[in-house]
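Okay, so chain A shows up in both of these, paired with chain B first and chain C after.
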Partner chain A sequence: MAKSSLIGKAIPRVDAPGKVLGKTEYVMDLKLPGMLEGRILRSPLPHAEILSIDTGRAEKLPGVKAVVTAVDFPDLRYGHLVEDQTILARDRVRYVGERVAAVAAVDLETAEEALDLIRVEYRELTPIFDPLEALKPDAPRIHPEIDRYGVVFASIIKYGNVCSISSVKRGNVDEGFAQADLIFEDTFTTPMVHQSCTEPHAVVAQVEPSGKVVVWTATPAAFKFRDGLAEILGMPTNMVKVIACTVGGSFGAKNDLRLDPICARLAQKSRRIVRMTMDREEEFADGNPRHSSIIQLKTGVMRDGRIVARWARMVFDTGAYTEFGPAVASEATKQISGPYRIPNVEVEALAVYTNKVSCACFRAHGGPEPTFAYESQMDIIAAGLGIDPIELRLKNAVADGDIAPTGEPYRKVSLQANLRRAAAHVNWDSKPQGKNRGLGIAVGQWHTGGRAASAIVKMDEHGKVFISTGCVDVTGSHTSLIQITAEELGVPLADVQIVPIDTDSAPFDASSSGTRSTHNVGGVLRRCAGQIREQVLTLAAEILEARRDDLDIEDGRIFVKGTPERGIPLARASRQAFRASGGPIVASGAYPGGALPTDPQALRGLCFGTAVEFIHPVQVAEVEVDPETGQVTLHRLTAIEDVGKAINPICATGQIEGGVVQGIGYALSEEIVCQNGVILNPCGVPYLQPTARDVPQIDTVLVEDGQGSGPHGAKGIGEAPIIPTAPAIANAIYDAIGVRIKSLPITAEKIVAAIRESAK
Partner chain B sequence: MKSIKLEINGVQHEVEVAPWRTLLEVIREELQMTGTKEGCGLGECGACSVLMDGKTVNSCLVLAAEANGKRITTIEGLAQAERLHPIQQSFIDNGGFQCGFCTPGMIMSTKVMLDDNPNPTDDEIKKGISGNLCRCTGYAKIFDSIRAAKVAMAASSDGRGGA
Partner chain C sequence: MVTFYRRLPKFDYLAPQSIEEALALLSRYQGSAKVIAGGSDVVPKLKRRAMKGIDYIVDLKGISGLDYISYDGAGLKLGPLATVRAVERSDVVLETFPMLAQAAESMASPQVRNRGTVVGNICNAVPSADMAPSLLTLDAKVSVVSEKGSRTVAIQDFFTGPTKTVLSADEIVTGIEIPNPPANSRGKYIKLTPRRAMDLAVVGVAVMVTPENGICKDLRIALGAVSPTPIRVAQAESILKGNKFSDELIDQVAEAAAEGCRPISDHRASAEYRRDMVRVLTRRAIRELLSDEAASAQGFGKGA
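Presenting the complex of A and B:
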């Protein structure tokens, strides 16, 4: 085994030069010959029947090359959990901004003009904007045909305006509450928030002479896009090729099809290349934001701080179509018990239709919402019992051998150690005594995600290494993957490349989302590289007339251990392979996916899970609050991150800092404002994502205990950092001024109102 | 249509533009210099930041006609031949980017800030790039990059990090 020199090294990302020079091409930078521009006509109404669509005048406008409506697509409903969607509205629209028709024209102005010429006759229906209204028995049905919709998982339970309900039950919650010394009951709310990637959704589509549809798009999930395109277009999957372009931020926003099938159909109909880009208004009207939620939480505790019972009901507003709602609700039922040992649990979560934009995935789906609730309440309990918040958490924290209410086992848990690390880092016991200053702590529980991944590694006749994988780089993972491969093979970093990804040539990967890329694909590459290493060392043993086991590789040179002057360049061994047998030197491998076992007795409805191991971030916020204005100044945010091993510390800490700052926005300022179904951001109401001036000192503490199941002991990183930030800040605000805000975002207005209320 | 003259990265261009065309559209679509990005088109995100007569502008908010006769610098004009500008090198070394979409605008705003004030405080750095949104990095490594660039530029006689 070569000495470990590349693992844990903060080398610059492989995509760095292109990005700082402005030479990296994003989808919107593509300009192909004869390319048309496509635009979408969207619904102005939140809920209406479509009586007729007349595209005649638009089609006759000079410069217009194609117009499409729902009738240009096969009559099918799709969806990755509940099949309730069509790519363009058919018969009915269910939110303002829903796609109704699309046009491809020689330029944007002509396309926009053509949209104005399309006549749509609507009959308005009663809209519902409040998920609690939607749950009432007499509420109008947003999907009257819900019973006929197909489901991807048989366990999904749907009825009325509920597209999914999941629950977890363990022990006997009634007995638990009867036994409790004290019961705490609170209701928390969290807002709909936007991923707000800087790069808008964009796509270019072309039809090859064979009829194959080629799509250039930015997504972490190229294969999911290919399959979805084939389904929606009614084509065989091998007649659709997705070329995975550089992703200008996703955080979940680019996990699902939006423009792509429409662009492809416009390209088919016009027989031209078509480009489509969403403007900022469309990004909000027809994005796929994080669900808003209403969380009722009831917890029974003993005077010594032991939690003995938890009940929760969580309502997630999923908007017009199911999208990822059931997975969010399912995850929330797991999250709401926290990483705490609670013997009696009964919790449920519903994803409910309303006439608003459909919500889907945003970094750690279903994580930050319940965590805000249970970690805020943890401090309410601590104050109620007069116990230190860290003591209370330590008393209830899970440890090795514990079982989650879902039945998932805890192994190699670092939560208690991470709580102590946090306390030590911020000198918890000597809290800042300044007036209106406070410290707040919160934990989180997330997981490394395990879905199928694969890779093919080739060493060419010059000893250069090429990796083919379907794993798109959205986090810097390519750099880490190259480090892992180069380390295993003993070659310089510059000798390893990852080839551009398209679905025809790359082997399958589930998606670069869900805290999994480096963990899943890195493990595959380590094994592939090991196989290639064996092949070249066997060849080198013949050339060097040495025993295979006596050989080692370092920096691209094979040598005899103990007598390093006896050696050859690795390229000579690889060349020999091609001379002797024609090569090739290739290895392939896969990660099968899988998840921790669950207890079916405890679960009802969808249990959506890809967790292969738990991770436990802990964060501490240090704030100062001006009680006159309600202004919160964040001085420091400490993030203890359970990474196992940072393959590349720059990439790892970058992920953490980025997640923490998204968490700060979630805590203090971000909110999609929707009035009568119309989203008022970003035109009119600004979307207040953090700017450089909103960022405090961030102390990142990497916990490198090597206990992860990934390569070199790594665990997943990407999603966890956003989870504990909001409750840490809420708890710090309480510590500073004694006011508890149970509704995100914690704006200055809410603080001032709460101070006035408490003074009454 | 109106004929306008632009000096972009030291090269003279004469283009025919419709009166409603923005500087950003001319740079990206007419001249096909795609290093400058369009994020929001509303002047909120700063991805389209370029230098106009030495000052940062959101090129999506500047009509092309307003830029007539002006000197424009884009991200493509920062490196000299094979040599990266020290700000670019510093963003590489310190991981001051992730998805890279905001990076050209971020680097252009940094350049104006350091040209105006070669030794900004941390607060001045935050203020200097507060018009450029980054959703990936949480800004921490961008601050590191700018601090390092400041040192590199101060250490060089030509202010570009070279001898």
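Presenting the complex of A and C:
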């Protein structure tokens, strides 16, 4: 066993050369014969009744090939959780930018000219922008028909302007608070923030002569798109084919249907191929950003630092439609207790409608918001008790055998070890303090491995390997999947490819989201590759007249262990399959998904199960604050990441750095600013994502304990790194200048105001 | 009504080969023609339909010889096609007017700076125009021509309101002249932004100071993003002029500068914060310019 393993090898991503050279084709690069351009007319009003839509003049404009409005779609409402959406506004608009009508024309100029010719008559309704206003009993109803909306999960509770309420209860918080030596109460707020993928949403749709709709689109969830398209278009699922193209960033933004059904309907109506892409401004107006939140958090502690009670109420502004709001609220109720042992817990979270863009998933939905709150408060408690922040966390950190308030069990937890690693990495005990410099730590908790995945692996007559899976590469995961497969089979990396994905030929995958691709699909591929190895070795045993168990494969060659000169190329054995009765060498497998068991007594409302295992990232921020201007300089960000096993350290590190950078933006600068429902900073310059100049040195520490339930002991990593960054920075700012900012983003102006306030 | 326009509105694109030809076009089409150089401000505005009634675009880029950055001993001359990037990297600017290079470098991204021009930046005349505060402290003069004749406008008189200038529809800026700053003067531009690149100034402060034996011989302070136009704050300048430098007087200057501006509140910053930062950054700029390190790093060349 002297051969070097491909597992853990830092090979460059298979998609890197095309992307670096600018040769990779994205949906928006597709040019098909006779292709039309589609554009969307959007609501100028945050809340209004649609009295009439007149598309007559637009339809008559030369070059216009189709115009669609809501009446061109079956009269149904859809949604992942609450069925409250229509693909184009039917009788009411509920946010500025809502889709009202669409046009396909010979070129963009004509399409946009046609949009100007559509007349929509509105009657304005009172809008609500503040979720707390929306909660008042006499608030106008954004969805008067909410009671009639269907729900995808029976546990969803909805009423008034609330599309979901979830809660977790354990022990008795009143007793807990009564017993506590000290009680800390704080309110935190977090902003609506945008994924800002490099590639905007884009789709091309074509109708085949059979009537089958073919859609080229960028999504991590091809099968979900296919099923949704079939539902909205009123077609059987096998009459819709989704071709999953290269995704230029998703972070949750491309998990949901947006342009696709409109584009498909325009293609049907015009009998032409139609392409639609969104502008950067449209991405903001009608993307699905992260919810803003208001988090009230009350924690009771003993003088020695033990947490004995936690109460929380969290309000998530889900915008005009439910989208993923209930899942975010559900996740937040689990997140808000943190990876801490708390005997008495009573927490609830609401997803509330307002007249703003609908919010959905953004990397670790429902994770960073509560983590900012509880990890900021951990440092408030530490300061209040005079205990070191790491000591306080260690004192309360969960370990193997503990049970979360939801009833979910903790197994193979590395949190305490990761806290100690973080302390060692940054020399926590001998903080290199300069004036106005500070160190801050925060932990996070996420989960990995949920939802179903499958794959088919084929070895051809040349010994080359083709993987067919519905798992779209949005993170570099295909590189890791190829490594896992090649390692298992003993073939060179170059002999393994992943077949371009479409829903007709690829086997099902839930979605490349939720920290699951390498964990779930990698496990399936490892097993498939093992089966293929068996088949080919059995064939080789006949040819070599050797015992199967005496054979091994290395670098594409099968040989007899002990006498390695006795061997044949793998292709020789794979060809044999066509002479033998077995047929082509194929293996398939699936992963069912799963969730940890919960305690039904503890939960009320929707509760999405935590996937198969918890992961615990830890981050430390080192900052310097200019007390006069309030500007924060990040000197270093250390990310201790609970990866189990890095199948490919380049991919793993890249994922972590990306998450940290998004976390930095969340902490310090990003915020979608709405005024009367209109987004004031809807593009890349006014919306302040960090630039290269804003990002400090990031020290990534890959903790490889091999304890994950994925292939080779890997855990999922994708979403976790964004979670602890903001509270780590907030805590470092406090350490630097002694002011506590409880509202993200922590702008320079907020810091100056807080310094002034504290001087009073 | 809400269309997210990706395409430009329809207009005729005119590419004159000479200034005379350009002026004739402007005179013929009066208010319906718009001059562009780099187009980095005008084109996005057209796309957003933020600029109405433009039927003709008169692009100066085809006219040769307008991208000059020249120094003749008495001062610097910038042509209307001198890009922000060219000014940022010009040896003579770096040597003689480093504050201008500093302001240029603070703008947008290299791609935009390669496209946009310094003249275009002041003609666009947003309150946060990064080139303006430095040009104001340098007492730059703007050369303007039309078919009717030419005139020179002091930069102090050039801006009339947010995105408004003294230019009439038939006029073109043919250059900026920047006289040598006083001997032994030092200047710097401090731009406060939430993000370290590709961001607009929340406050821009340009300060030029001429110390002589501990006395402030001359002081010029210009502010961006805190009033309807970029401004000089003469009242603040006068406090130190002729006096010995002291922390107390510098504080008074900073206070007067803060009082001399009229900032607005928007989603980028409140008026209060902007005013505070004028005070902080004015004080900081003067102090840094007086320190020896700053003198060598940021100061004007001796005798320039």
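We adopt the following convention: the second predicted complex is superposed on the first by the 750 of 760 C-alpha atoms of A that agree within 3 Å, B and C clash if a C-alpha of one lies under 4 Å from a C-alpha of the other, contacts with A are read in each partner's own complex, and residues count from 1 in each chain.
What we mean here is this: a contact is a pair of C-beta atoms (placed from the backbone, for glycine too) under 8 Å apart; a residue touches a chain by one contact, two chains touch by 3 or more.
As the structure is a computational prediction, the values presented were derived from the model and not from experiment.
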> Who touches more of chain A, chain B or chain C?
Replying inline: B
> In the superposed arrangement, which partner chain does A:Gly249 touch: chain B (first), chain C (second), both, or neither?
Replying inline: first
>> By the touch definition at the top of the document, which applies to A:Pro12: first (chain B), second (chain C), both, or neither?
In response: first
>> Let me test your reading of the model: by the given contact rule, A:Gly22 touches which partner, first (chain B), second (chain C), both or neither?
In response: first
> Between chain B (first) and chain C (second), which does A:Leu41 come into contact with in this model arrangement: first, second, both, or neither?
Replying inline: second
> Once the shared chain is lined up, is A:Glu112 touching chain B (first), chain C (second), both, or neither of them?
Replying inline: second
>> Let me test your reading of the model: by the given contact rule, A:Leu76 touches which partner, first (chain B), second (chain C), both or neither?
In response: neither
>> Taking the superposition on A as described, I'd like to know which of chain B and chain C A:Asp279 touches: first, second, both or neither.
In response: both
> Of the partners chain B and chain C, which touch A:Ser196 in the superposed model: first, second, both, neither?
Replying inline: first
> Can A:Ile698 be said to touch chain B (first), chain C (second), both, or neither?
Replying inline: first
> Where on chain A do the contacts with chain B and the contacts with chain C coincide?
Replying inline: 279, 686, 690-693
> Once bound in the complex, which stretches of chain A touch chain B?
Replying inline: 10, 12-13, 15-26, 28-29, 31, 195-200, 246-249, 251, 279-280, 474-476, 650-651, 653-654, 657-662, 682-683, 686, 689-693, 695, 698
> Which residues of chain C touch chain A in their complex?
Replying inline: 1-7, 10, 108, 192, 194-200, 266-270, 273, 276-277, 280-281, 284
> What residues on chain B touch chain A, complex-wise?
Replying inline: 28-29, 32, 34-42, 44-45, 47, 74-76, 78-79, 84, 88-89, 91-95, 97-104, 107, 125-127, 129-143
> Residues of chain A touching chain C in their complex?
Replying inline: 39-44, 96-97, 108-109, 112, 115-116, 120, 278-279, 281-282, 285, 628-629, 631, 668-669, 673, 675, 680-681, 684-686, 688, 690-694, 747-749, 752-753
